[in-house]
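Each of the next two complexes has chain A plus one other chain: chain B in the first, chain C in the second.
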Partner chain A sequence: MRVYLHSRTWFIYFIMVIAILMSIRHPVLILIGLESGLIWWKILGRKLRAGHVFAALFILGALAVANPLTSSNGATILFYLNGRAFTAEALAYGLLFGAVLVVTLLWCVILSELMTTDRWLNVCGRRFRKTGLVLTMVFRFFPLFTKQWQRIREGQEALEGGSPVGWKETFRMTKRELLCMLTWSLEHGFVTADAMLARGYGAAKRSFFNRENYRSASVGVAILLLAAFSTVITIAVRGGMEAEIYPYVKIHMDAAIDILGFAAFFLLCHIPMISYKVLREERRMRS
Partner chain B sequence: MIQVENVSFTYAGAARPSLSDISLHVAPGQFVLLCGPTGCGKSTLLRMLKPELTPAGERSGRVLFNGNEIGANDRLPKIGFVMQNPEQQVVTDRVWHELAFGLENLGVPSDVIRRRCAEIAAYFDLEKSFEKDTNALSGGEKQQLVVAATMIMGCKVLLLDEPTSQLDPIAANRFFLWLEQLRREFGITIIMAEHHLEEIFGEADRVVYMERGRIRAQGTPAQVAWEMLTVRDAFAAALPTVTRLFFDAKTRKTPFVSLREAKGAPDYAQMVDEAKKTLTSASGRDAFVSRENGKRAEDPAVTLSDVVFAYDDRSPSILNNLSFSIPAGACTAIVGGNGSGKTTLLKVIAGLATLKKRDGKVKFFGEKQADRQRISFLMQDVTTLFTEETVYEEIVAGVKEKVEQGGEGFIEAFLKEQGFEALTAHLSQHPYDLSGGEQQMLGLTKLLLRDPQILLLDEPTKGMDAVAKESLAKLITEKTKSGVTVVLVTHDLDFAALCADYAAMLFRGEILSMERADRFFADNVFYTTHKNRALNA
Partner chain C sequence: MQNKMRRRRHNLILWSLAVVLLLTSFFDAFSSVGLNRRVFADTTAEQLLTKCREALSWKMKASGVTTEQELLDAMAARAGRSPEDWYVLAMAKMGLKLDYTKYANALFEVCKDPEPTDVEQYRRYLTARAMGYDDIPGTVPEKLKDKGIMSAIYRGYAVAAGRASSSFVYGETQSALIALKLADGGYALMGETSDIDVTAFVLQAYGALLGAQGKNAAGAELMAAVRDGFAVLGKRQSADGGYASFGTANAESGAMVLLALAAFSDKDIAAEVRNSVDASALIAATDRFQTAKGGFAHALTDGVASLENDLATAQVMCAYAAYASYLKGASGRLYPVKAAAAPVEPTTQKPTEKPTEASTEETTAKQTEASTEETTKKETGASTQETTTKGTEVSEEETTEETAEMSTEESAEGSTAETEEETRESTTEETTVVPEETTTSVESTEISSAESTTEAITEENNPSAPTEETNIEETEEASSTSTSTIRWIMTAVVAGLILLAFLANLFSRRKSKLNYILILIFGVAALTFIWLSKITMPEQATQKQQQSYLERLPAQGEFRIEISIDQRVEGEEMLLTPRLVTVSADDTVFEILDRVTKAYGISIDYTKSMVGTVYVRGIGGHAEFDRGAGSGWVFLVNGTLATTDAGSVKLSEGDVLRWAYTLDLGKDVSP
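Let's look at the complex of A and B:
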C-alpha cells in the first residue's frame, strides 16, 4: 500500500516529535526516539558509520562530564574536585541532557532529509509564496556555491603550482578564493536576475503552484498524530512520565498512565513510516 | 512579426554606439541567424527586442512587435529570451518548479499550471526528470529545460543569445536539432545569435551578418556566404566546412550551405578530387595533409602507467589502468565522449590535491617529481583563475617581477606576440566583462607568462569565434615548435585537427588508441572532422 502524506502533515509530525523529546526529558521517550530515528535513517537509505557513533558518544560523554563540573546539585557525592562536590545525580542529568541532544540532532537530520524543498514550499503555501521561492533558490544556490569554490580552489592550485604551505599562505589563498567567490556570486546573481525577468518575474502578482491535495489518508494520519501528541502532553502535564533527578534519581515508568504515554509516543513516532514506499520512490526519481 | 526600424544604441557612458542604424523585418515562423565576430552587437540587438532586458543607454529608432511599438517599460512574456549559460539561468532547484516558475510569475492559477506543466513535460520528454534536482542535469539538458520553461509561457518569439557556447559540440548539435523540431512543429519565430555556424547555417531562413554594430549583409544563407567568401572576410572562417571547401567563385554563384546539398550535386565526386588536390598542395596544418615532420622525442614529457582513479570508494573508477605517454614538444589531443574521464586525466597530470589518492605512476621527463610551477593548466571554467579587479592587474598578478623587468609596454608586446592583441583594448576592464573567447585569452596569457613546460588545456575554444580559434591554433603550433608540450582535451575535432600532432581516444577511462592526428581523423568514421566527412564520398 502506498500512503501519500501531505507536506503539512510531515511538518507537524517533526515539530511534535522534536518538541516532546526536548521538553519531556525521560529516558524511555529518548530510547523510543532513538529507535524510531534509526529506523528512519534506514528507510531514507542513509548508512550508519563509525563516525556518527563516535560523534554521538562524544556529545554524550562531554555533557555527562561537563554538567557535574558546573553543578553540585544532587545528594550522592562521588568525590570532591577542587573543593566542589561531584555528584552522581549531576552526572545522570548530564547524561540525560546529552542523550536528548543526540536524539534531537538525529531527528533534525531526518527532518532535513525528508523535508525537501517542495515540502517546504507547500508548508509555506500560498500565503508565504515569496518565502517559498527564496527558499528554493537558496536550495539551488548552495550546492552550486560549494562546487564553484572547489573549482576555484583547483584553478588557483594549478596556477600556483601547488597547495599553499603554512597558515600564512593558506590565509592569503583563502582570502583570494573568497574574493573570487564574491565576484562569481554577484555575476551569477545578475544573470539569474535577468533570466527571471525574461520569464516574467514581477509582471503580475505571483500565483502558487499547489501540487498537493489533502488526501483522506493524510488527514487521517494527521488526526492520529495529533491525538497521540495530545495524549503524551496531557499525561506529562498531569505529572506522568516524570524523571526526577535531584536530589535523588527517581524515574517513574511503571504506572499505567506512564505506559499509556510511552505507547502514545511510540505510535506518534512510527505511524508516518507507513509511507515508506512513497518516500523510496520519490528519492529514486530525484536523482 | 518583429520590425526593427533604424535602431541605434549607445550604452550609458560609452563613447561609440554599439548599434547603428539597424533595420530588420522578421516574418512569423522565420528562423533568423545573427552572426558576426565577438563584440559586433548581436547580443545588444537581441536585448533591444526584449524590453525587460534592454540595457541602460540611449536608443533611437523603433522596435515593433505585432505592429505595436515596444516601450521601454513593457513586459512581454510572449517573447522568450534564452542566454548563454544554462547554469545561471536555472532559477529553482527542481525541474517541475523551473517549468512552473514563469507561469507563477504571471499569476496563472494552480490548476492551469498543473495542466500546462503536464503538457509541456509530455511534449519535451521531461516526464522522467520531472521530479529531478536541476543540479542533476547535464549542461545540454539544463539548456533544454530553460527553453521548455520559456515555451511554457506560450511565447511566439524565441530569442537565443549564443545558447550553445557553454555546451560541447555534441550537446550543441543535439540542442540545435531539438530546436529545429520545435520550430517545425509550432511555427515559432526564432532569432538566434550564434558563432558556431557549422550545423545551423544552412537551416536558417535568413542570415544577418553584423560587424561593428552594423548589418553588413543579410539574405538567404547562400547569399550571405557568397558575400563573405567573395570579399574574403576574416569571419568567413566561421562558415560551414562544406561551404568553404567547395567554393569556387568562378563556376558557382550559390555556395553549398549543407553537406546534404553538396552530396546531391551532380559533380560532387569531381569537386572532392579538386578539393583534395588543393588541400595537398596547400601548406599548413590540415587533417588531410600528411605531416612527415611529426617528431617523436626520445623522452616522453609525461608517462602514465597503470593509473586508476575514483573520486571515492563508492563511486566507479574514472580512470582504469590507464597507461600512455605524451610526447614532448608536441601537441597531443585527447578526445572522447562526455564522462570518459578527459578532465580527470588532466587533473591527474596537473597533480591536483583532490586527486592525490590514485594508484599507478605518473612520471615527468623520466622523473618522479615534477616542477609543478612549470605545468600550467587551463581549466574549463577559466573564470576560476580571475581574482583581480582589472584585466591588467589580472595579468600582472603573480608575475610582478617579470613584468617590472620587462619595462614599459612589456604586456602589450607580450599580448601581441601571442596573438592576443584583442585584449589590449580591454586592459582597464573587469575580467568578467570580457567575452567568453577573450576570457580564455586572458587565462592563457596568465599561464604563458609563467613560462610553462607542459601546458594542459581543457576545452580552450569554449566561447571562441572562428577567428580566435584560428589564432589559438597558430599559437599552439608555435609553442610546440619552441619545445612546449601541449595536452589538449577537446570536443572540437576540427580544432584538434588544426593544431594537434597526435590524437588519442579516451573511452571509459582507458586510452584506446594513440596515433598521428592526420591518420586518426582520416580513419575515423564518426569521430572525425567536418572536412573528412565532406570528402569521404
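Let's look at the complex of A and C:
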C-alpha cells in the first residue's frame, strides 16, 4: 500500500505528539512516546548507538538528582540535606521530568528528520509564504555555516602550517576565522540577493508552486489524528490520566477512561507509520 | 471547483487545530474550577463565633463584670459545678487567651471532695484538660462506681482525653456504650424511647473515642452505632430544624446535636451519615433562642425568646464554638483527645516498675536525655504539684537498667531483627541508640527532682528540657549509621552519573577532551558537596525531642506564641493544629516555621535571598500555584495578613501566628 501524507498532516502530527508529551506528564504516555519514537528511529534507518543511550540515561539521572536539591516540595521526607528536606516526591518529579525531556528530544530528532525544507514550505503554504521562505533559509544556513567554517579553518590551517597550539593561538585563530565568516556571509548575501533579483524576485506578486495536494488518505489520517488528540486532551482536562506527584505520588492508570486515553495516544503515535514504505523509497532516492 | 473544495478542507484542518490548541492552553483554567467551598465554611464559622461573643457579653453584663478574665475569676467561686464548667469549656474552645490559674485552683480544691460521683469527677477532669492542665488531684475512676448511662458516657470522654492505661480500656468503654443501644439505634436514661440529648451525648463520646484510636482500631461495630445514632437524630429533627426534649422545643437539645456533629471530622464519617442531620437548619433554629441581650433562652414563650438561661447559654456557646472549629478544619471536639498510640500512664506509677507485656524487648539502654511527652507538655497548676512530682522523682542510677515497654500493637508490627541489630551496636557507646519502635514508649528518666520540689509554688514542673546543642549531638549520633548509608548511596549515584557521561562522550561521534575535563570537575564538585553536607534523618525520637524543646518553659527573653498551619483542603486535618510553642524574641517567623515543621516532620520548600528575605513556596507538599494562579502560602499575625516576607517579621508575647493556604492572594483567608 502506498500512502502519501500531506506536509500539514505531518506537521500537526508532530505538534500534537510533542504537546501531549510535554503537557500531560504521565509515565504510561511517556512509555508509549518512547516506544513509538524508537520505532520511527528504526523506520528512518538510524542506528541506536550506545552513546545515545548513555546520554539519555545521564540526562534522566542528572535531572532526577537535581530537582530535589532545588525543590523540597512533597510530604515524604527522606532526609535533611543542610537543613533542607530531601523528599521522595521531588525525586519522583525529577525522574518524570527527565523522562519527558529525553522522549521529547527523541521526537525532535524524528521531526527534524521527517520535516524536510520542502515540507516546511508546504506547511506554510500560500498564505504564509514569506514565513516559509525565512524558515527554509534558516534551516539551510545552519549546515551551510558549519560547512563553510570548516572549510575556512582548513584553509587557515594550511596557511599556518598546522592546528593552533595553546589558548592564545587558538583565540587568535578563532578571531580570524570569525572575521572570514563575517565577510564571506556578507558577500554571499549580496550574491544571493543579486541572483534572486536576476530571476525576477520582487518584480511581480510571488507565485506559489506546490506539487502536493490533499488526497483522501491524507485528510482521513489527519481527521483520525485530530480525533485521537481531542480524545486525549478531553480526558486529561476531565481529570483522567492524572499523575499526581505532590503532596503524595499517586498515579492513576487503571480506570477505563485512562485506558481509553492511553489507547488514543497509542493510535495517534502509530497511525502515520502506515506510510513507512514510502519513506524508505524516499530515503533510497535521496541517497 | 476542485480547488475550492481543497481549500475548504485545509481550512477545516487548520481551524480544528487552532481550537484544540486553545483547549490545551485552557487546561489549567479548567482544572481549577470548583474549589471555594472551604471559603464559604469559613464565613459560617465566623458568624457562629460572633454569636458566641454576644452570648459571652450577656453573661458578663449579667455577672456585673467587664472583661472575660474577670468573669472567669468570678466564676471560680462555683468551679466544678454545672453551668460554670460549661462556660469555661466554651471559652477554651473559643480560643480566648485567658489566665485559668484561679479557676483551676478552685477546681482542684473541689476535686478533693471525698465522695464525688463519677460524672462530676470526670467532668472536672475534662474541664481541667480543656484548660490545658494534664490531670486533677483527686482520683479519676477507671472502673465505674455508679451505674447509669451518663457515667458510661463521661468515661468515654475521659478515656479519649488521655485516661486510658492500656489500649484495652478503649474497647471496654465503647462496648459498654454500644451495649446500651436501644432497638431504634438511640439511647435513653431510662425506658425504651430514645432521648435526643442522651443520644447526642453518646455520639460525642463515640467521636472522641474514634479520634483517639483511629478508624481501624475503633472497629466496624462503633461505626455502625454512629450511623444508627445519626439516623435517629435525623428522624427526630423537627420541620424547623430544631429539636424537642420531653415535648418542648429547647436550645440545649439542638446544642447537643450540633456538638455530636462537630465531634466527627470529615474523615471519620461518610458525608451521607453527617447529612442525615441538616446542620444549617439546626443552626438557624438554635439562633431563634437568642434573646435581644445576646444570651440564649431554654424555651420560647409565645414564639419569642425572652428569658435567658445560664445552662442553655453555656451549652449553645460550647456547641457554636466547637462547630465553628470543625468548619475551620480543626478538631470540633469539645474535650481534648489524646491519640491512643502512646497511652498516658497514670503519673503515680514509676516508669521503672512498669510490667512488661507480652513479647517485650529487653534493651539495656542507659537513657541520659529523654523526657516523657506527658510531663513536658503542659504546665500543671500548683496544687497538682505534689502528686506529679512524687511520680517523677526518679534518680539517674535507678534507670540505668530499664525495661523498654512496647505496647502489644507495636510489638506485633515491630521488626525484632532490626531492633536487635541496633541494640547490639548501641551497647558500645555510652549514650545508646534506641530503636524507633521502642523510643516512643520509653518513659522519662532524668528529672531534676530538687528543682521541682523546692519551687513547688511556681509553675515549674517540667523535667529540664534538653538544650538545642545536646539535641543536635544526639541526632548526629543516633542516626550516624543511616546518615553514612545515605552518603554512600548518593556517592554511588553520582559515580554512576559520571560513568554515564563518560561513556556517552566515549561513544559519541565527536570526542572532545574538554568534555572529559568538565565531567571530572563536576564530579569532584558533586562528591565534595555530598561529603561536606550535613545530613540528618527525620527520626521519631529526634522529633519528640525537638517537640519537647519547642514546648519548654520560656526563659529570659523567651515567650510563648501560638502557631498553626492550615492547608485548607476539604476533609483533611490541618497540617498543624493550633499549639503553643516557646520562641525567643530574636526569632523571625520563618525561623519559627522551620523549627516547628522539622519537629513535626512537615516538609517546607522555600527560597532565601542574599539579603535574608525568605519566600515560602510550599508546606507539607502543598505548593504555590497548585490550586490556581493566585494560590500559595501566606501568614497572619493575630489575624492580620502580613505584607512583608517571613524572614523579617518578629513576634511578641502571646501572638497568634497562622500559616494558611490562600486561593486568591490572601483575600480569602479569614483571620
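Convention: the second predicted complex is superposed on the first by the 281 of 287 C-alpha atoms of A that agree within 3 Å, B and C clash if a C-alpha of one lies under 4 Å from a C-alpha of the other, contacts with A are read in each partner's own complex, and residues count from 1 in each chain.
By our rule, contacts are C-beta pairs under 8 Å (C-beta built on N, C-alpha and C of every residue); 3 or more make two chains touch, one makes a residue touch a chain.
Since this is a predicted model, take the numbers as computed values, not measurements.
The superposed arrangement places chain B and chain C next to each other on chain A without a clash.
In the superposition on chain A, A:A66 contacts neither chain B nor chain C. In the superposition on chain A, A:A203 contacts chain B only, with no contact to chain C. By the touch criterion defined above, A:G74 lies against chain C but remains apart from chain B after alignment on the C-alpha atoms of chain A. When the two structures are aligned on the shared chain, A:I259 is found in touch with neither chain B nor chain C. By the touch criterion stated above, A:E187 is placed in contact with chain B alone, chain C being left untouched. In the superposed model, A:A217 lies in contact with neither chain B nor chain C.
Once the two complexes are overlaid on the shared chain, A:A55 sits against chain C while remaining clear of chain B. In the superposed pair of complexes, A:I274 makes contact with neither chain B nor chain C. Of the two partner chains, chain C is the only one touched by A:A19; chain B is not. Between chain B and chain C the least C-alpha distance in the superposed model amounts to 10 Å.
Applying the stated touch rule to the two superposed structures, the chain B and chain C interfaces on chain A have no residue in common.
Chain B makes touch with chain A in their complex at residues 50, 52-53, 75, 77, 80-83, 85, 87-94, 96-97, 100-110, 113-114, 117, 130-136, 146, 149-150, 153, 347, 350-354, 371-377, 379, 381, 383-387, 398, 432, 446-447, 450.
Those residues of chain A that touch chain C in the complex are listed here as 8, 12, 15-16, 19, 23, 49-51, 54-55, 57-58, 61-62, 65, 71-83, 85, 87, 89, 125, 213-214, 219, 222, 226, 229-230, 233-234, 236-237, 239, 246-248.
Listed in rising order, the residues of chain A touching chain B in the complex are 117-118, 121, 129, 133, 136-137, 139-140, 143-144, 148, 150-152, 154-163, 176, 179-180, 183-184, 187-188, 191-192, 194-211, 282, 285-287.
Chain C contributes residues 6, 9-10, 13-14, 16-17, 20-21, 23-24, 26-27, 30-31, 482-483, 486, 493-494, 496-497, 500-501, 503-509, 533-538, 594, 598, 601-606, 617-618, 620-623, 626 to its touches with chain A in the complex.
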